[in-house]
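Below you'll find the structures, each written out as structure tokens.
After this come two complexes, each holding subunit A, first together with subunit B and then together with subunit C.
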Partner chain A sequence: MANWLVGAALESTRNRVLSVLAVLTLLVLLIGPFFRGIPIISQSFLFYLMFWTGLALAINVVFGFTGYIPFGYFAFYGVGSYGFAMSYLHLNVPLPVAVLVGGAFGLVTGVVFLPMFRLEGIYFAIANFAGAYAIRIAINLTPDDLTGGATGLELASAYAPLQSYYAVLVVTVGVVLVTAWLLRSRLGVMLMAIRDDPIAAETSGINRGRIRSYAWLLSTVFAGLYGAIDAWNTAIVDPASSFDVLLSVKPLLYAIFGGPGTLLGPVLGAGSLYFVDTLIWRALPLGSYLLTGLVLMLVVLVLPRGIIGELEYRKLSLSGVADGLAEFWNRVVS
Partner chain B sequence: MIELDGLRAGYVKGIDVLDGVTATFESDRISSIVGPNGAGKSTLLKTIYGFADVNEGTITYDGYDLTEYSPSEMLRDVGIAYVPQERSVFPELSVHENLKLGAWTIRGDETRTEAAIESVYGQFPALDEKRHARAGTLSGGQQRMLEIGRSLLTDPDIVFVDEPSAGLAPDLSENVYDSIDRLREQSVTVLLVDQNIRAAVEYGDDLFIMEQGQVVANEPTDDMTDEVEDLVSEWISAKGEIA
Partner chain C sequence: MVDIVSAVVTGLMIGLVYALIASSLNIIFGVMRIVNFAHGNFLILAAYSSFWLWELFDIDPLTSLVAVVPIFFVLGLVAYYLTVPRLLNADDTEMMSFLVYFGLSIVLAAGMRIVWGSQTRAIPTPYEGTLPLSVQFLGQTYATSRVIGSVVSVVLLSALVWFLYRTYYGMAIRALIQNREATKFLGIETHRVSAYSFGIGMALAGVAGTLLTLIFPAFAATGGQNYTIIAFSIIVMGGLGDPIGAMIGGVVFALVEQVAMLFLPLSASPLIAFVVLVAIIMLRPEGLFRVQDVRGALADLRGRGGG
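The block that comes next holds the complex of A and B.
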């Protein structure tokens, strides 16, 4: 009983600390656009901090929870940005609705990519990347009237950085909540079981094809939404920047760095690396690419489970400390 | 009973690992399947369970076509559990969480789930002692016990066990075989693939010998012909294993 109380007290303390931190962060982000005079911390910085954190969490739903590496993830971002731009320009839909259209474009493209889940490992990664690149080429070849072809579309009349800032805030809160839910839900347990041992999961009665596709589609919706909001923020879409492979690589890197399959991992990974990336980019624009590559190599070698993953694995988390104290109580005190 | 008729199956189109298997596995009995490496024993279990492609022939269970079911439906809809040859615990989850996942198909019934898990702890006390340990930290033998225990949680009608004693110390092997033996008393049908010929004959009711993708002999273990008995003796004398 005493052991349980020690554990429960520390667990609730941890949850309380995390809740307070989350509320404080949300408050800071809510008033973020009105900060003045703080170096680096600008509205744009906070926008992209949330953008990369959200994309890292969204790709984590596939990569962290199923183990699949979606190198072609940029496709869903890309179609989302085009969905936003075309629905706004050609159909005159309100901007928030156009963002939802972007999410729907991501979802539909995700459905088209679903048969690729018959492939495993590197074959999936390659097929996924090839499919994404094919979409980029296809958009290059479409009529200028529809997509702007190779030069893209301008959205000057949509430019509203404050609105797009709050849009990215809402979507990022959404992906945080979805990840937190996944970690506690049956769907999350099924996904992690499939990731760890697909055969054992299937023999336990879990349909791996169907469950994986749920995670995949959830993730593609968020990529589409982020693509749409970024198009709103920059007021331009074009094949080269909307279908940039770094939109797959960076979120993956952030998730790996922080710890895939967790909530705090991608948040911590994106937050810290984006901050360092911004500092280096200001001093040495091409240096950020070098940094990205170096960090990826170092993380894989030194922290294969990411920061949070290693902490949890080595029982250095607060819950690990709670376990340790409970064991101490059990062995020495009682 | 499970009936196979002219079964051709494999992992790649056009290459049949099973080359026309015809066999009947009777209910409430332990059917031991033995044979040299590459004979198709594990593939036979995988094919019935839906993990390999059937290219020709039929698989029926009490008249139902088993090829209609996917692997994830086998436990819930047909009542067949499967312990694969490869280690299949969830390494990052605790022993208890592994068992809870094994009871996935009855997850709505908490009372039944907990009773089933406690029953497994009763059968395998080593697991009870380590219920909060991460499954990846268990010894090979304990992981095997966990896999077998997990397969029994939902009271399946049939259990497929592939190489239950591979890599286990003798005393642990005995524990595992005893748990398989108890299944007979519970009227559970067992298909046992084993390289340990001595155990396969001792614990099995029927012996199926496979060679080159076919069942070449099928006899009750208490009434074997001289030819099969000589073959079995020869294999056992070769350290109880097939080279």
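The block that comes next holds the complex of A and C.
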């Protein structure tokens, strides 16, 4: 694992630059909670920056690598939250274990949703969304002493922002590593082959259904983990906010905006849009919805390949942009 | 027994409005393969239009249609020219339009909440004084406004069927639903017909939204998504892109919903739409294949018998 990582990091100039940036970011995030007095960059800002980046990368494992749109993604976040809250309140398990229980809930729900992969395109997206919404309504109807019914559960005794901060850091590093691994591994190549040409992939001996379900389950586990950690951080779960459709839309938007099927794309997309979103949210809470919807429309209509995809399509690599700037500079100076 | 009679009659009345909602959605989907996920939000927007006309100018919902229909027709044309030409050129029109119109549905829901607040609104008994408040039928009492809403739906549904089967543009719309490419060879202006069908779909959505204020006691800014899901359940049930199937599906869906509500708690009623939708989507592809298999097998048999 370590050897593979070092090998991948040192492979090319681009990878070396990116790994240095990644290590620096990691260091900043590690000491993040101890910054004081910087306006926007508070601990909770960094927490949700990692949270949304991680969710964007996790949804990218399905959307970017297989082309399916998991519109009911919020269901896995939601069951993760509930798994965390219920195992902590009713079984008194330690909090980190409760987070893992949340991930397991995500996995189990993901298995339940697996038959939907018989469907294609829009049928899959709608069925996925409807299934997720059905779970939300069903939780409203469950007995109060188990899930809290329509009002939800309170976890005040679990509230520990510093611990949940490091938990989200660990899980986010996990998603980044998984995505980096997918981009270079056999599994990832098979996934991309299925996305680009399902029939050609199948004739080359790829078991389409099985490979796709690996990606799906990987993605749902992470959604469950994030749901659990967010429940830990906010110390409350309720059907409306744990099954908020924005939890599907925002990660999807971030991934599309940055460039689906890449590692850098979702990170850049989530980073930039979340920053803007925070500024808007301060001014007008409902504006967050408005902005998300508007940006989603514009991005899909105007920039369907995402930032990274557009750069690649126009044969502009990051180093190419640097070369272009240098040339421009030379021309201006001379 | 009495309950079931009342549930069936209520289901029929609600189902006629559902039929209107679903057939308008299905025209848009069928002609352009545009997945209008904001359909329910447009219904709510129309409901708000009627509500404000009633609140500010004392215009009753049926009269307000005179204003709502042209406004929504133009709204449809605007939405068409802003989004559809780009989407039709995309690799996967259905998925891309789904994302765009989902974005639009969020914008509309949030916008209406910001502008008009999140409380529920209602037009209580707009025809009080001119008409009796309730109607007796088979020993049961029904609200007059609900009866008016369903009667108007019947008129409009008949007009829609006449339009689709007896006029040039209606037949062009059906031709586009059947085979978009082939219509270009027939000298049909695909873009103009598509734009009109989007406008007509939206105008019908406007009518349906207005009728919702008569059929249901109240509406809220965020209620659009439920109607979208119901409408999609219906068109999946009746066949995607088939306006007539959507009409039948709408009535059947409302009947199932109303009868099921006799046996389920009230808060579980939205669950029905979702469960029906998932079940049909999951089971239908197999069912379709089975029919094709049977047809294929029969053809094989006949071929062998003849040869």
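As a convention for this text, the second predicted complex is superposed on the first by the 306 of 334 C-alpha atoms of A that agree within 3 Å, B and C clash if a C-alpha of one lies under 4 Å from a C-alpha of the other, contacts with A are read in each partner's own complex, and residues count from 1 in each chain.
In this text, a contact is a pair of C-beta atoms (placed from the backbone, for glycine too) under 8 Å apart; a residue touches a chain by one contact, two chains touch by 3 or more.
Small disclaimer: the values here were computed from a predicted structure and weren't measured.
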Query raised in the report: Who does A:I122 touch here: subunit B (first), subunit C (second), both, or neither?
Result: second
**Report entry** Which partner, subunit B or subunit C, touches more subunit A residues
**Finding:** C
**Report entry** Touching partner for A:R282 - first (subunit B), second (subunit C), both, neither
**Finding:** neither
Query raised in the report: Touching A:H90, do we find subunit B (first), subunit C (second), both, or neither?
Result: neither
Report task. Check the residue A:A200 against both partner chains and state whether it touches subunit B (first), subunit C (second), both, or neither. Result -> first
Report summary line: Touching subunit B in the complex, subunit A uses residues 186, 189-190, 192-193, 196-197, 199-208
Query raised in the report: How about subunit C: which of its residues touch subunit A in the complex?
Result: 35, 83, 86-87, 90, 92, 94-96, 98-100, 102-111, 113-114, 225, 229, 232-233, 236, 265, 267-268, 270-271, 273-275, 277-278, 281-282, 285
Query - In the complex, subunit A residues that touch subunit C - result: 69, 71, 115-116, 118-119, 121-123, 125-127, 129-131, 133-134, 137-138, 140-141, 150, 245-246, 249, 252, 256, 284, 286-287, 289-290, 292-297, 300-301, 304
Query raised in the report: Which of the residues in subunit B end up touching subunit A in this complex?
Result: 49, 51, 70-76, 81-84, 86, 88-93, 101-102, 104-105, 107, 147, 150-151
